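Each of the two complexes below includes subunit A, the first together with subunit B, the second together with subunit C.
Here is the complex of A and B:
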C-alpha cells in the first residue's frame, strides 16, 4: 500500500504550480487507483482514513484538508450517479489528471477577474508568496496598459517575500522589498494590499502566511483596501475566531535566559500561518467572481447542505 | 415591423440624445434603452442566440460609450443579455446548447470545474452548462441523455429551428416587456421602503434632485407621520430642493430645508438618513448626487441608520475599482459665475455632480426585491447579470 503522505509530498515536489488541496486530491486518487476497492463503503472508508492520516501527518494542514473534504464530498454525492460500479470508479480515476490543469485554470481565471484591480500608477503592497497574486501581477504587467509598483514584505520566517520579489523582478515589475516591521512606514504610500490565502474560513476570514493579520490591520487603520486572491477549492469549513484557533499553532514559549546574548528564536517551531478575520478584508477575488467575505459561507452552504 | 434602415436611424438618434443629455435620469434612460432593444430585436431575423447576444453586445457597447455615466443604460442591456442566456438554455435541445459561447468566454473552474467528470469521458452525459458560478456545481450529476441525431450544423439550418428562433425572439421581447413593467412600477420599492420608516421619524435626505425620493416620501406620507429635513445640495440642486420642500409641505409633511454645511449640526437629532442612489455597484457601494457622502459620513459618526433606495434596474455589475472615473464633473459656473471673470481666471473651479458612497456607510439597500445588506448586493448582481456581460466595452467605466 502506498504511503499517502509520501505521495502527497511527491505530487507537490514534482509540480511547483500545484496547490496543496489539489495535491491532496491527487494523492487520494492515486490511492484509489492502487487499492481497487470492491464496494463503495470500502472505498469511502479507505479514503476517509487516508485523508485523516494526511491531515494529521502534515504540519500546516489547513489547505490540504480543504482538498480532502472536497474530494470526499464529491465521492459521497456521486457514488450512486453511475449505474455501474466499475464505470463509476473508472470515471473517477480517469479524471484525476484533469484536476491539476483545472486548478491552474482557476488561477488564470482569478488573474482575469482580478486584472481590473490593478490600476495605472498603483502602488501595491503584497505580503507573503502567493501564486495567484504572482500570476495576476505578471498578467497585469504583460498587458502593458497599466504601470504599477509593488512593495513586498520580506515575510519572515520563510522569507517567501524575497522569493516572490525575484519572480516579479524577472517579469519586469518594479519591486521594493521591505522588512515586515516597516509595513506601517510604507502603508501611507500604498494604494491597496494584495494577499493570497492558504485557506479561506467560513466567515470569509483568511488563513495565510504569518504576518497577514497585522498587515491587514494596518491597512484597515490607514483606510486601504485589502484584496484576497484565492481559488475556491481553498474554502474550508472552519470557523476560527482568532489565530490561536488554528490547528497546529503552538503556544509560544517564554524564557528568561541567564545570558542575554543567548536569546535566539526557535524558527522551526514558529507558527507559519495566522488568521485574518473577515472585517479586515475588502473583497475576495476567486474563480467564482469577486465575493464579499460573507459570500464564502454562502458558497460553502450551497456545497455542503442541499 | 420596421426595416433595417429604420432601426439604424433610431439607434443613431438615441445615441445623439444620450450624448446631448436630451434623455437623462436613471429611469428615463433605462426605459428608453429597453424600448430601443425591443425595436432592435424585432427588426431582424435571428438565426441563433449566439448571434443575438453578439449583436446586442455590439449595440450595448455603442450606447455605453455614448454616455458612460448613465449606468442604467448598460444595466438594462446586461439584464436583457442575461435573460437571453437563460432563455437559450431553455430553448436549446439538450446536449446541444450554445455552450461553446459560454465556455469560450469563461472556462469555468468552479469547484465542479475542478472535479467534475469530463464531457468526453462521460459518454452518457451531456455537456452540463458549466457557466453556473457556484461550488455547488461540483456535485451536479450529468444524467441527461444526449440526442444522438443532432449535430451542431444541423441545429442551425433546420426548419424546426427557424420556428424556434421566432419563438425565441418573441420570448426575448416578452422578457424585455416585463422588465419595462418592472422599471415603471415603483410600488414594491416604495412598499419595502415604507416598512423601514416609523411614525414620528425625523428623516434627513441629501437627495432633493431624485424624483424617486420625492415620490417615495409623498407615498410614505400617506401612511406614516414623519418629518423631513432636506439639504440644499448646493450648487446643482438648490431649486429642486426648494421645490421638494414645497411639494412635501403641500402634501402635509413637516419639512425643513437646511444648508449642506448644517448636516453635521442636525445629525444628532435625525433618526434616519434616506438616500436615493443613481446606481448601486457590485460591492454594495452607491453613486448618488454630490453631498450625499458627507451626510452618510455624518450619519456614521452619530451611528444613525442610512437607507439607500434604488430600483433593481439601478443595480450595476460594475466594481468601483477607480472611484474617480465614476464621478462626472459638471458646469463650474454654478460654483462661481462666469461673469466673475477676474476670479474665474485665477481659480480652478470644479463641480463634481456625484459622490461615491462606500458600502460601510450604508446600512441597508432597499430595492424592488426588498431590503438587502450592502455585502449581499454581490449576490443580487450574480442573480441578475451574467458574468460574461460585466463589461460591454473595454472603455466602459470600471473595465480593465
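Here is the complex of A and C:
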C-alpha cells in the first residue's frame, strides 16, 4: 500500500500551484485507486485512518484537514450509489478527479470575481503569500485598465513576503516590501488590505499566516477594508474563538537566562498561523461569490447538510 | 354655554367625552387585572371617573380631582377660554407621561384552572412548574413529554369519535391547563407543535391501541433524539473547549453547562476552576455549586454584583439558553445579558450551549415585549415585579454550540431554515 504522507508531499512538490487541501484529496484518491476492500465500511475505515495519519504527520494541518474532511464526506455520501465495487470505485474516482479539477479552477474564478476590488490608483497592503491574491493582482495588472501599488509585509517566520514580492515584480506591479513592525506606519497610506487564507472557520474568521490578525486589527482601527481571498474548499468545520484554540499552537515559553544563542529566536518552533476573528473581516471573496463572514457558516451548513 | 359652541367644537367635545369613557373603562380593567387591593380601589376609581364624566358633561372646569383625564380637560378648558390650567395640572400630566410601565405587556400569573378531563399528571406538572420546582427549559420540556405519554396511555376514545380527532382536542385541553400554571417555554411550544403534527398524521383506520402505542413510542424517540442525545453531543463538543488551567464563568444553573463541566472534569480529567455568579431571588447558582463540588471541581461562588472583582483571569463564559431567537439574540435567565456584556468587554469568549429544540423563529429585540414574571409562589420571591428572562444581543455571543454543530449566533436562522423538516 502507498505511503499517504509521501504521496501527499509528492503531489505538492510536483506542482507548486497545488493547494494543500487539493493535494490531500488527490493523495486520498490515489489510495482509493489501489484499495481492494471487502466492505465499504472497511474502505471508509482505511481512508479515515489515512486522513488521520496525514493530519498528524504535518505540523500545520488546518487546510489539509479541510480537504480530507471534504473528501471523506463526499465518499460517505456516494459510497452506496452503485451495487458492485468496481463501478462504485470508478464512479468515486471519476467524481473525485472532477472535484480536484474544480478546486483548481476555483482560483481563477476568485480572480475573476475579485477583479472589481482592485481600483485605479489603489494602494493595497498584502500580508503573507497567497496564490489567490497573486493571481488576482496579476490579472488586474494584465487587464491594463487599473494602476495600483502594493505594500507587501515581510511576513516573518515564513518569510514568504519577499518571495511573493518577486513574483509580483516580474508581472510589472510596483511593490514595496515593508517589515511586519511597520504596518502601522503604512496603514494610513493604504486603501485596502488583501489576505489569503489557510482555512476559513465556521464563523467566517480566517486562519492565515501569522501576523494577519494584527494587520486586520490595525486595518479595522484605521477603517480600511480587509478582503480575504479563499477557495471554498478551504472552509473548515472548525470554530476557534481565540488563537490558542488552533491545533499545534502551543503556549510560548518565558525564559530569563541570557545566552548568546537565546538572542536568536528559534523561528522553527514558532506558530506559523494565527486566527483572525470575523469582526475584522469586511468580506470573503470565494469561488462561490463574495460572502460576508456570516455567509460562510451558511455555506458550510449547506455543504454538510444531508 | 352649550349654545355658544360651534359645530366643530361640539364634535371635539364629544370626542373627548368618548375618550374619557374609554379611559375610565381601561382604568377599571387594569385594576381588576392587578387583582390585589381589588374592589375598593377600582370602586374608588370608577367613582372618580364617573365624576369626571359628569364634570365634562356639564362642561365645568373644576378638574381638581381628575386623574387620568386632566390633560383632555385642561385642553377643553383652554378651548372655552375660561380658567387657565394650574401648575398642579401640569405636574400631574407630566407624572403620567413620564411613568413608563415597562412590564405592561407581560401577563401576570394566573391561578391554575382545572377541568374535568384534565389528567392528574398534567395538573401535578402545572403545579410543579408554577412553583418552579421543575425549572429549566429542557427539563420542563422533558417532564411535559413524559406526562403526555401518560395522557396518551390513559386516554379512552369516546364511542362516537376516532382517536386522532378526539385526542387532538383532549391534548389541547391538557395544554390549556399546563399553560395556566406557567407560560409554555419555547422548547415546550416546539415539542407540542411536533406532537400535534404527529397526532394529526395518524391514519384514521388504525386501531386505538396501536395508535397509542405508536404515540408513546414516538414521544420516547423524541425525548431521546431532541433532548438526551442532543445534550450528550453538546457536552462532547463543548467540553473540548475547556483546557487545562481554564477558569470558567457560569451563571445560573443550566443542566447542559453543568454536565459539560462535570464531563470535562471527571471523564476527560482536565483541571480547571469554575466561578459561579448568582443572583436573587432564585439563587440557582447554589444548586450548581453543590453539583460541581460533589464531583470535586473547585468552585468560587459570588453574587453578580461582585463580578467585576473576579472577572480578571476568567477564560470562558458558558451559558445555557431558554431560547435562541431567529435574529441571533439569546433569551435566557435574567442577568445573563449583564454577565455576557461584561465578558465580551474583556474579550472573554461567550459560549452558548443550546439544543436546537430551543430555537425559535420569533424575532425579539428587547426583553419587555415577551417575558414572564417569576411567580410569587416561588421560594424566596416576595416581589411581584421580577421577570424571568432577559435578552443578550448577538454581538456579545462568540458562538452557539448545538447538536448540529457550533455556529455563530447569526446562523440561527440558517439552522431554522435548513433543518426545518427535522425540527
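Here, the second predicted complex is superposed on the first by the 291 of 306 C-alpha atoms of A that agree within 3 Å, B and C clash if a C-alpha of one lies under 4 Å from a C-alpha of the other, contacts with A are read in each partner's own complex, and residues count from 1 in each chain.
Methods note: a contact is a pair of C-beta atoms (placed from the backbone, for glycine too) under 8 Å apart; a residue touches a chain by one contact, two chains touch by 3 or more.
The model shown is predicted, which means the values in this text are computed figures rather than measured ones.
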| item | value |
| --- | --- |
| Larger contact residue set on subunit A - subunit B or subunit C | B |
| Partner chain in contact with A:284 - subunit B first, subunit C second, else both or neither | neither |
| Partner chain(s) touched by A:302 [first = subunit B, second = subunit C, both, neither] | both |
| First (subunit B), second (subunit C), both or neither touched by A:73 | first |
| Touched partner set for A:241, first subunit B, second subunit C, both or neither | second |
| Partner chain in contact with A:202 - subunit B first, subunit C second, else both or neither | second |
| Contacts of A:294 with subunit B and subunit C, given as first, second, both or neither | both |
| Partner chain(s) touched by A:105 [first = subunit B, second = subunit C, both, neither] | first |
| First (subunit B), second (subunit C), both or neither touched by A:115 | first |
| Footprint overlap on subunit A, where subunit B in one structure and subunit C in the other make contact | 293-294, 298, 302 |
| Residue ranges of subunit B in contact with subunit A within the complex | 106-111, 113-118, 121-122, 133-136, 138-139, 141-143, 282-284, 319, 321-322, 373, 375-376, 378-379, 382, 387, 398-400 |
| Residue numbers on subunit A that touch subunit B, as the complex places them | 22, 25, 70-71, 73-74, 77-78, 81, 91-92, 94-95, 98-99, 102-103, 105-106, 109, 115-117, 119, 143, 145, 232-233, 235, 282-283, 287-295, 298-300, 302-303, 306 |
| Subunit A partner contacts - residues on subunit C that touch it in the complex | 241, 243, 349, 351, 398-399, 404-408, 410-411, 414-415, 418-419 |
| Partner subunit C, residues of subunit A touching it in the complex | 202-204, 237, 239, 241-242, 244-245, 278, 293-294, 297-298, 301-302, 304-305 |
